[in-house]
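Consider the two complexes below, in which subunit A is the common component and subunit B and subunit C are the respective partners.
Showing the complex of A and B:
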């Protein structure tokens, strides 16, 4: 595929992949496992995240995928996207559309992604710009909860409890969602552009602050025992805010989150397209349609409370493998063999 | 082909939402709910406006759970009850002897129910409190909501809504104190009778009077728009009332972990709002008045702390403070530890304003 990315496009793409879908929910497992230390553990996890970005930036040329690993990642992204769509459908059914058939919701999401993936890749790359002001709104309305926050919920921090810190670090993985895409899209950046140094640091700071606000707000808004019962704490905070212009603020933001998450699904579709079409194929459009057909079917098997819970309780281990370990292994292996992305 | 596909997608977009359409014209929009009874034998009351008759209708039903009560009530109304505009829940003092969350679960679980609403405990059955709203032209729930908000502004009721109550119910380190209301003698109005103290999720049976409730809120450092205290000043054989309004509070707690003692220092700055004797510009009068208020507040602080500890009701959130800043002192069985703490209040009152008279 032939397209190039500016720095802004590249980082916007990454930001949406990383924050879409998981932003409203990743705080719960993190706080359950790291208790009052969640904010501090997330800070440590963010340092690790920055280290990972630096590593990826230094060695991205060595992320060459052979036929086998190409299929591994294609299948992984297909399954991850199916899980994301299932979760989106489940959240919509719980919060706003309890009577709407689930397959309609899935079809709508997949239909939009299919349309976006049948046209030029620039459509998906640039559509994220539309989200910037509404994501900003998300954070502004969260600020309404400031009077209800309890600062003492942030303490005590158990600096020596390594078990708690490790469990929290592992569950912080949700915030690293899709970071392997850095390696996929980095070669498409216009050649004279520099990413390392200040641009990467700014990206890290933006994503850290964006996530950190949500972690700290959740921790200060809910009691520890309470947060265990609340799977989407950010939505719950917004629901509990009273404003004059709308009765239920959460509905307003569920749709913002939905559009943000649909763009994430589109980007996963684009990633499939980029990787799959990195080799010349006879019927590229047919494969994209087939990919979306699977996306329309697979989520329907997952959209149940117990299955969603099972995935939420185990997916971080999958993320560790596919976003950290496997890319590192592939990079080290290719570096040793001297094989680079052309 | 593409055009057809797009048309199909667009028509699907238009379809979405039809299944979840809810129109107010097809529902009885409930603004006030009352709950009596206990698990297995609840009685519920739902007040909703009847626009044709310009008054509120009250539906009564029995059931084994709050949700079942609502189902039973639906059998008696022409249009299904809709609680999305609910503004107040009243619960009888007998019902809250059982864990409060049992009746609140449905409000937290169903996203259509608002959680920024008021909740209060009634003296005796809820029924007369619901029925007094029948002849009101406005919403029944709105009446109690306004009533509680104005009492909050007078620092009698703590500023609470269902979400904050729910949050505290799950915490061992802080207890709730809910607005407690009585009926007036003529049974036509609700009267703020103080706050009902909870220990954990259950009502202790102890009520703080409005004056004690104000003192509790001062101890919590939560004075609202007005926090007025009135005392009698005896001078030269005459009695003269003094009213002071709290302007600022500065609070400092010093914890001695070994002695399990907390020194609670308060500096309360007040404005004199009533003092017919005048002459506050005279130093002896000023000092005497200031000392009088200080002595009274000191006594009230000690009395309220004694009641709270006696009921194992940590409404001040001392547990939260200790868990956060003195974690070694915090133990799992916090209510028992709390009751045995040595709480030593020390109040200093400063008159910083005297109104527009000296």
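Showing the complex of A and C:
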């Protein structure tokens, strides 16, 4: 596929993938498992994330996917996107559209992704720009909760509770969602552009602060017992904000989150397109349509409370395999063989 | 039948015995005979006679270069050439004995005065407008750009109508790929009968089926010049006062010469107001419908009581209410355009006030809906471009439908579709949504602010980011 990325486009793409769907919900499992230490554990997890980024930056040329692993990732992205869509439908049904049939919501999301993926790739690469102001809006309105925050909720931190820290670290994996895309899109960056050093550090700081605010706010806004009952804490914080001009602020932000998540689904579609079409195919458009057809069907099997809960409670293990272990293994294997991405 | 008679009959046949064609035998020098041929409707006969008198005088004094004046040329006679020239309003004097033809380029020029364009009013700046004659328009542009780098190239459109057209650009400023693309498209135009600028615009645009115009249509010579110095190509024809400018971005349609003729702060303020009007013009009715139909809970309690009281007595769904009013607005607009100006204003008042009041009293629509539709109409008329104005008025209907079916979800879906369309749209193969896409942080402020004018912006040429990321496309090359 013929396109190239600037640094800004590359990092914006990663930011949208990593934050898209999980931003409103990842705080709950993290706080449940690491209790008061959640913010500290997330800080440690972010250091690990930065280390991972540095590793990926150093060895991205060796992330060469042979036929087998290409299919592994294609299937993984297909399934993960289906899960994301199912979760989006589930959140919409519970917050704003209880009576709308689930398949309509799924069809809409998939339809938009299909439309975006049938036009030039630059459309998806650039569409994230439109989200920048609304993401800022999201954070600004979150700041309205500052007077309601209880600072003492952050303490005590159990520095030595290794088990708690490990459990928190594992559940912080949601914040690393889709980081394997770094390896997919890095070769498309313009060759003369440098990413290592300052640009990577800035990206890490931006994503850390963005996530860290959400973790700290959730911890300070809710008591630990409350967090266990709240699946999307950020939305509840926004719901509790009172402003003069609207009564339910959260409704607007659900739709902001929805558009943000739709772009994430589009980017997963683009990733499928990039990887699948890295080999010459006879009918590229037909395969994109087929991918989206599967995306329209698969989420319908998952969109039930128990299944969503099951996936939410176990998906981080899948993420560990596909975002950290497998890429590392592939990189090490190819480095040993001397096989690079051309 | 002698030669002269035969030629005259051939000419009449070639022009299908048209009533306004004059083919006449005249006496020429020293007993020779000539044929005078012209369209009476296109030629200023008095001027032709004056030139012919001059030519006769020269022939009598046997001057060697008797045929050479600024308005005459002497060539060998050829029927296709002769037809072409007569059609262009020139007069032919055919000399059968020598096989030559003398062409007198004196046309009867029907032209109107340089008036301010009716559809592009401005407060300050030049009030001259382009007219339906390319040479006059070129004069208006050349007097603003006294520079040989302003290149004018001519071509003809319409294989049967042979209409003269021109494209203009500033050499050294225009990007070569822009010029090549325009020249390629002009070369590919295949129109038999050219009679409307819309035909040219259809042939030159990237996506004809898109609701968004991809070439800027203007009748202001100063606007033409402003775009020329930004590296754009301007196409003009001999039959329309409109100049087509490309490549353009979505935001070009929101600029007016007034922005740059007024104070920096004032110009910036109105630029922002105009851009915000896009949001209200497209989304306000849809938002209102979504709130009333699906998301009543977003309204504060005091407001929701009032809205409830207002809406409760209306027998129709909000979508139908909105459609009734929107369609009435469109009817009023159409009728006020078609009617004479004085009557048109009356229709506006009758439609806006009388019908508006009556329709609320009859309980067909709510007061709030009248406010929403009126605000929407005002916002849509803020757009300086007639084409984009029509587009905006049209695209709010699908948004209203989506909002009535799915509430805010429908609006989100509509917005994403609109964005995907705008981002993938191109004007002469160059990004239409620039500088937002591809994102150029250093150029984005120019969308909203009218900065002190130092150097014009050059249209970005590719969806790919510039090689050096340090904010290119800001300087004139």
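Following the convention adopted for this analysis, the second predicted complex is superposed on the first by the 342 of 342 C-alpha atoms of A that agree within 3 Å, B and C clash if a C-alpha of one lies under 4 Å from a C-alpha of the other, contacts with A are read in each partner's own complex, and residues count from 1 in each chain.
Methods note: a residue touches a chain if its C-beta (ideal position, glycine included) is under 8 Å from a C-beta of that chain, and two chains touch if they have at least 3 such contacts.
Just so it is clear, the model here is predicted, and its values are computed rather than measured.
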Partner chain in contact with A:96 - subunit B first, subunit C second, else both or neither: both
Which of subunit B and subunit C A:320 touches, first, second, both or neither: neither
First (subunit B), second (subunit C), both or neither touched by A:223: first
First, second, both or neither for A:156, with subunit B first and subunit C second: first
Contacts of A:79 with subunit B and subunit C, given as first, second, both or neither: neither
Partner chain(s) touched by A:54 [first = subunit B, second = subunit C, both, neither]: neither
Partner chain in contact with A:105 - subunit B first, subunit C second, else both or neither: both
Contacts of A:148 with subunit B and subunit C, given as first, second, both or neither: first
Partner chain in contact with A:241 - subunit B first, subunit C second, else both or neither: first
Overlap of the subunit B and subunit C footprints on subunit A, listed as residue numbers: 96-97, 100, 104-105, 108, 112, 115, 247-248
Residues of subunit B touching subunit A in the complex: 6, 9, 12-13, 15-20, 84-85, 111, 114-116, 161, 163-164, 166-168, 170-172, 317, 320-321, 323-325, 327
Touch list for subunit A against partner subunit B, complex: 36, 94-101, 104-105, 107-108, 111-112, 115, 148, 150, 152-156, 221-226, 229, 239-242, 247-248, 250
Contacting residues of subunit C [partner subunit A, same complex]: 295, 297-301, 304, 406-409, 411-413, 415-417, 419-420, 423-424, 436-439, 441, 463-467, 469
Contacting residues of subunit A [partner subunit C, same complex]: 3-9, 12, 92, 96-97, 100, 104-105, 108, 112, 115-116, 119-120, 122-123, 126-127, 129-130, 190, 192-193, 244-248, 251-252, 255, 258-259, 262
